[in-house]
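Reading through the structure tokens given below for one structure.
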Amino acid sequence: MGLADIGIKFVLIVIIFAISLVVAMYSTYAERKIAAFFQDRIGPNRAGPFGILQPLADGAKMFLKEEIIPTNASGFLFIAGPSIAILTACIGSAVIPWGQKLTIGTHVVDLQVTDINVGILYIFGVVSLGVYGVMIGGWASNNKYSLLGAIRAASQNISYEISMGLSIIALLMMTGTLSLREIAEQQHGFWSHGWFTWNVFKQPLGFLIFIVCAFAETNRTPFDLPECETELVGGYHTEYSSMKLGFYLFAEYINMFVSGAVMATLYFGGYNFPFMHHLGLSENWVTILGMLALFAKIFFFIFFFMWVRWTVPRFRYDQLMDLGWKTLIPLAIANIIITGLVITFLNR
Amino acid sequence: MESLSNKRKEVESKPLNFWERIYLPSIFQGLGITMKHFFRKPVTVSFPEERREFSENFRGMHSLKRDEDGRERCTACGLCALSCPAEAITMIAAERQKGEENLYREEKYAAVYEINMLRCIFCGLCEEACPKEAIYLDGDYVPSEFLRKDFIYGKDKLVEAPLNQ
Amino acid sequence: MSTFYFIAFLSIFFSILVISAKNPVHSILYLILTFFTFTIHYILMNAQFLAIVNFIVYMGAILVLFLYTLMLINLNKESEPRKSNLVKFAGVIGGGCFLVTIVASLKALGVSHPVVLQDPNLGLVKNLGKILFNEYLLPFEVSSILLLSAMVGAVLLATKDPKIA
């Protein structure tokens, strides 16, 4: 690996970070605007044309607010909580393939930070770490509401990780690889051998389970029990103010972005789009269009997260646990068995 | 019993069938409903630039009226203060002096007349109570202020502008 | 090799912190860091699958549960019972015996040969899977049955006996 390659990787990492931060920033704007549209309102429209500068104004506000650390909070952990939350949110995007290879001059740029052969498991691990930010922050606040929020977050994440893992296993049985790049390559184009190539058409039940779990893992409504305002004031971030609160909120939006990217890659063909090699375009153009397609899919998923938020009311805690343990896990196991049977009979 | 409005519906609690139990159809139905609203025209207006028309019987800020000669109609009888359920109105009466006939219609007038706009509930009972037709709630919204004391409106803000100006 | 020594130093350092930390929650957090250094060890040995499984299962699930239970029972310095001198004495003797046993067994083993992997790619998912499901199929399945029986036992313990209740 030459110096130029390292430089390219470095630039790629910076670009991906910048993109995910900007997307997260504008997700806050989109959330408010979309919520407004769903409720027959206008939404933020004062800062700049159509309120387009609203996220900047919000960010400036977050930075300038007073920083409060409660007297009885455990100082270091109180700061470590939001830091871990945003760290785990950011590192998830490392294994996502953003596009095919791009040729610039003599250099071939792989639009993926790293293609480790346990890519899915890496994402899974990062997701399972994400709960630490919430738990540590909630515990360190030394507040009953925060602690309750943290405990809810922990049990919710652990419960839904299981069915998420099981739904992925059914997918892995079909793909036979753990590398996200290879999974994306397998879904090349849109139609081949008389069936869709995208995994969502091969694993509809698995996708349904996965998306429900993705909602639960990102703590989005209807599974936003760790921070539900009506019961727990602010949940785990009751005591937080200023940019530390901003980090928690930001981490949620980055998580949404990453989980949208994962869902697009695993089930919706990633950077593949229909007729990608029948248009007669050069490789680089196909790659760029593929990247745009991936981002279109991700934005659709982010929109879908918000759409559901303003449609479905929050679950009660026992309903949440019932759904996780009594419905999703048996469904996921049934999905694995069905997938196994189908594979066995088709291969015979 | 026979229902009066014919709107009564018998509540059934049948066990849910399979499609109702998996909830997905109703979730998609809900998503459809919210999507319908997504494309609907907003019902809100951008307030300072656009304003909704007031209805004919809108009750806004109070104004103390003058008669056709430009004299204040209020005679400081105190009926408005008495009728006020929020006790927002106070006044100090004074006797009309010689030479002030063109200012005050009656022999007694309100030297100080104050309404606390934070207490006022805009019910319009003062309007009803006034025997001299001196007070009407025909103004705009009460504008916002930074200090509580600025919400206590004296005669400078309440009395109508003189006629010939 | 220097990476190995650095990481090994870190894991020993954090594991000492685990047992010396006064606050049990801090102790768990140090344990998380210790497991994280173990993950790095696995990666250094090119055992990616084991590394990531250690990451998910130990760091992501088991320690979350540890933390969860600790938060629920809310241990702090005030409620920590004072240990009597007898308990401390017993602890020292027990630990000393353990140390002696370990040192003796290490001595009995003699000089250890540096571990050389026949196949450096053994830790990759595909190779590991092939070995697990061909050579070691029986132990693998037996251990899965062991886990299943543990789960069934836990469920049995958790459910109430209908006769008593």
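Residue numbering begins at 1 within each chain, and the chains themselves are lettered A, B and C in the order written.
Following the convention adopted for this analysis, a contact is a pair of C-beta atoms (placed from the backbone, for glycine too) under 8 Å apart; a residue touches a chain by one contact, two chains touch by 3 or more.
Here the structure is a predicted model, which is why all the values come from computation and not from measurement.
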Chain at maximum distance from chain A, centres defined as averaged CA atoms: B
Contact pairs, highest-scoring chain pair: A-C
Chain centre separation in whole Å, for chain B relative to chain A (CA means): 49
Cα-centroid distance, chain A relative to chain C, in whole angstrom: 30
Centre distance in Å when chain B and chain C are each reduced to the mean of their C-alpha atoms: 70
Junction residues of chain C, two or more chains touched: none
List of chain B residues in touch with chain A within their complex: 27, 30-31, 33-35, 37-38, 40-44, 46
Complex contacts: residues of chain A adjacent to chain B: 34, 36-42, 45, 307-308, 310-312
Chain A to chain C touching residues, read off their complex: 77, 116-118, 121-122, 124-125, 127-129, 131-132, 135-136, 139, 147, 150-151, 154-155, 157-158, 161, 178
Residues of chain C defined as touching chain A within the complex: 25, 29, 32, 48-49, 52-53, 55-56, 59-61, 64-65, 67-68, 71-72, 124-125
